[in-house]
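Each of the two complexes below includes subunit A, the first together with subunit B, the second together with subunit C.
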Partner chain A sequence: MGPFGVGKTTALRAISDTDVVKMDVASAEVDQLDSAEGKTTTTVGFDYGEWRFGEEVIELYGLPGQERFSLLWDKFLPETSGVVLWLYGDKPDGIDEARRWLDILKSRDAIARLCVALTRVDSMNNALMIEYRNLVVKYHPFAPIITADPREKSHVLKAVSMALMTPFHLGG
Partner chain B sequence: MTNRTFKLWSPNRAQPSVQAFMAALSLRKKDHWEWVADKQASDFWVVDCPAGTSVTGLKSTVSLEGTRCQAVFCLTPEVLSGLESNYVVLRTPIQVRRLFEALDRVTDEQHLASQNTVKATQTASQTEPWMQGRFKLLGWPNITQYDSDIRIIELCTHLFTHESTLSELNTFGIDDDVIQEMLRDAHTNGLLHVSQVTEQAASLSTEQTSSQASRAVVRPIKPAKREQKASGIFQKLLKRFAFSD
Partner chain C sequence: MKDAQSLAEQIGKLVQPSISKLDDRLKGLVGAQLCSLDGFNICALKMGKEQVSRMAAASSSLFSISDFVVNSFAGTASEDAEMEHLDLISVKKDDLQVIAVDVINPRGGHLVLVVAATNTDLGMMIVMARAVSTQITEVIEKNL
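Right after this comes the complex of A and B.
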């Protein structure tokens, strides 16, 4: 999950075994969002994909980023095995936005299996990584912060894998 | 360098893993490899270690004490921790490149030992702190910047809960250069705790030196249902996507 236009649907498409069931319509919000320039649709329900391992199916969800869909967050987040939080790495108010999302995840018992993926940022930007790490550590001392391109399957796979494998039990 | 002859012995010659080892070995022209029936006459042993193999049991069954054997190749589908450096763990299915790297290492060591010379020359990279001791991760490096598939996540997860040496990480089948790069980044960013070999006291599990060390400690407990599910999904991903990048 993550803010509008950050690349959640793209990431899901990169890794799903099946065609992603997508609920997009023309977006009236496009003009208001510089960061999503060029994006003409937005998710109004949720995206759904699958990994299939023989008979077993692992469900992949892309949850909408807008606050008005918070009922979907309430339903899905507490049940997830892992969450990738996609964030813009190039936004001036990125840290504030990250804090807001982390609060959303924390309040829905979805903070333990988390990976924070920063898009549109140079992987060598250590100062930025430290800034985000200093924030995220307040919520989860082992949650990974990575730079990632949602179009890159290997990046998305790593993000999901890290979310699944982040040490869960946090002792003091 | 002239071709050297090394003698191999295995108690599991019929096992698929050992046969794969033999097949991979046939590709190596650098040295001459000869299988022998007498373990006491062999330089290296090759042992099949199926899933669930106990390290303690392995060490008692395959003891090098009093033999001329220089190293044991342990062929395993799992991570085997806690083995000394003369046990060379190779993950199955065997990667030829990994096998050759391991052979280079052990044969060079044997060659040097036979000449009674000092072990490998110290290079600049061997002076890195993690080359000399045991280490543990305190946080995740930026994993997407390394040229590796998702096995590196398995390695990092291991390093959260197990202090390890560099040689113990061979079992994950990840390129040495990638591991070095990851450890270097982790060290630079205060995400790596290194203990000197000489200080391998029990206190290591609690002693932490960097500023990151004030973070919470991972405490192994019986996994909850949700954790087991997440770990199960990751194992499936590993089976499908490892070696795919």
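Right after this comes the complex of A and C.
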């Protein structure tokens, strides 16, 4: 999950062991994005891929980031899912955006297994990480916050693994 | 984005008469909407203001998901290949029939025309919707 253009489809493609089911179309919103250079399409259905290890298969879903597709959030966010929330770490209003997304997840009881992945930010930016930590802890006391590049397979695997391993918590 | 929005508004005004014909010609019409493939409303008929944005997004999702399903069966779905566009979707619940047809946008790409009607012959709906789809393409081509 996460805002339009943050890299959800890219992240899913980075780790899927199968061809990713893509439901992208050319987007009129693309020129709105300063931070999504090279992006020409947007997901209007959902992305689907699989991460396989041994006999285990983790099904991966990527959902559209625009509010108008909220009906898909309602359908695709069971509370038992692990959720990676991808957020822009370099936006001046990043904390407000994070709060909005956490509210979206909480209102759908989809916050029980959560990892917050900040993109486009230096992992050594402690002040920023603390700011996000102080926010996220209000929603889930154990949810990890990491910096990650959605193009890097190892970063995405880490984010997904952490979401799945987060202690189950339905929020207060 | 502003250009895209103003183009959508222009197209909406141009095609309104074509879509309105459905109300005269299709018995039991519940509503109709032309939307972009990325989920924006262009023109709506007999639909509430609060309905149009959500429905446009739902229609584009429906079209996209159906497109994938059809191309999977046809063996033409792949991660990198450009898929063929879907012609028609038909869904039904009790007496309510909803169809979506592809509309070629001569300015580039495709649009989706969704039509909902009750107690109507499916064949008639498809013929009407396709006629309107062709008309929309012609109107855009002539005027933009």
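Here is the rule we use: the second predicted complex is superposed on the first by the 158 of 172 C-alpha atoms of A that agree within 3 Å, B and C clash if a C-alpha of one lies under 4 Å from a C-alpha of the other, contacts with A are read in each partner's own complex, and residues count from 1 in each chain.
Here, contacts are C-beta pairs under 8 Å (C-beta built on N, C-alpha and C of every residue); 3 or more make two chains touch, one makes a residue touch a chain.
Treat the numbers as computed from the prediction; the structure is a model and nothing was measured.
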Worksheet item: Which holds for A:Phe69: it touches subunit B only (first), subunit C only (second), both, or neither?
Response: second
Item to complete: Mind working out whether A:Asn126 is in touch with subunit B, subunit C, both or neither, as first, second, both or neither?
Response: first
Item to complete: Mind working out whether A:Ile145 is in touch with subunit B, subunit C, both or neither, as first, second, both or neither?
Response: first
Item to complete: Report for A:Thr9: first if it touches subunit B alone, second if subunit C alone, otherwise both or neither.
Response: neither
Response to the item:
subunit A contact check, subunit B vs subunit C, more residues touched by chain B
Item to complete: State whether A:Arg113 touches subunit B only (first), subunit C only (second), both chains, or neither.
Response: first
Worksheet item: Both subunit B and subunit C contact which residues of subunit A?
Response: none
Worksheet, complete the sentence: Residue positions on subunit A within touch of subunit B in the complex are 51, 53, 56, 58, 81-82, 113, 123-124, 126, 129-130, 133, 137, 141-148, 152, 154-155, 157-162, 164-172
Worksheet, complete the sentence: Given the complex, residues on subunit C that touch subunit A span 1, 4-5, 8, 36-40, 53-54, 56-58, 60-61, 64-65, 67-68, 77-79, 109
Worksheet, complete the sentence: subunit C partner, complex, touching residues on subunit A are 13, 19-23, 25-29, 31-32, 42, 44-46, 64, 66, 68-72
Discussion item. For a test of understanding, state which residues of subunit B touch subunit A in their complex under the given definition.
Written reply: 139-140, 142-145, 149-150, 152-154, 156-157, 160-161, 189, 215-221, 223-224, 226-227, 229-231, 233-234, 236-237, 240-241, 245
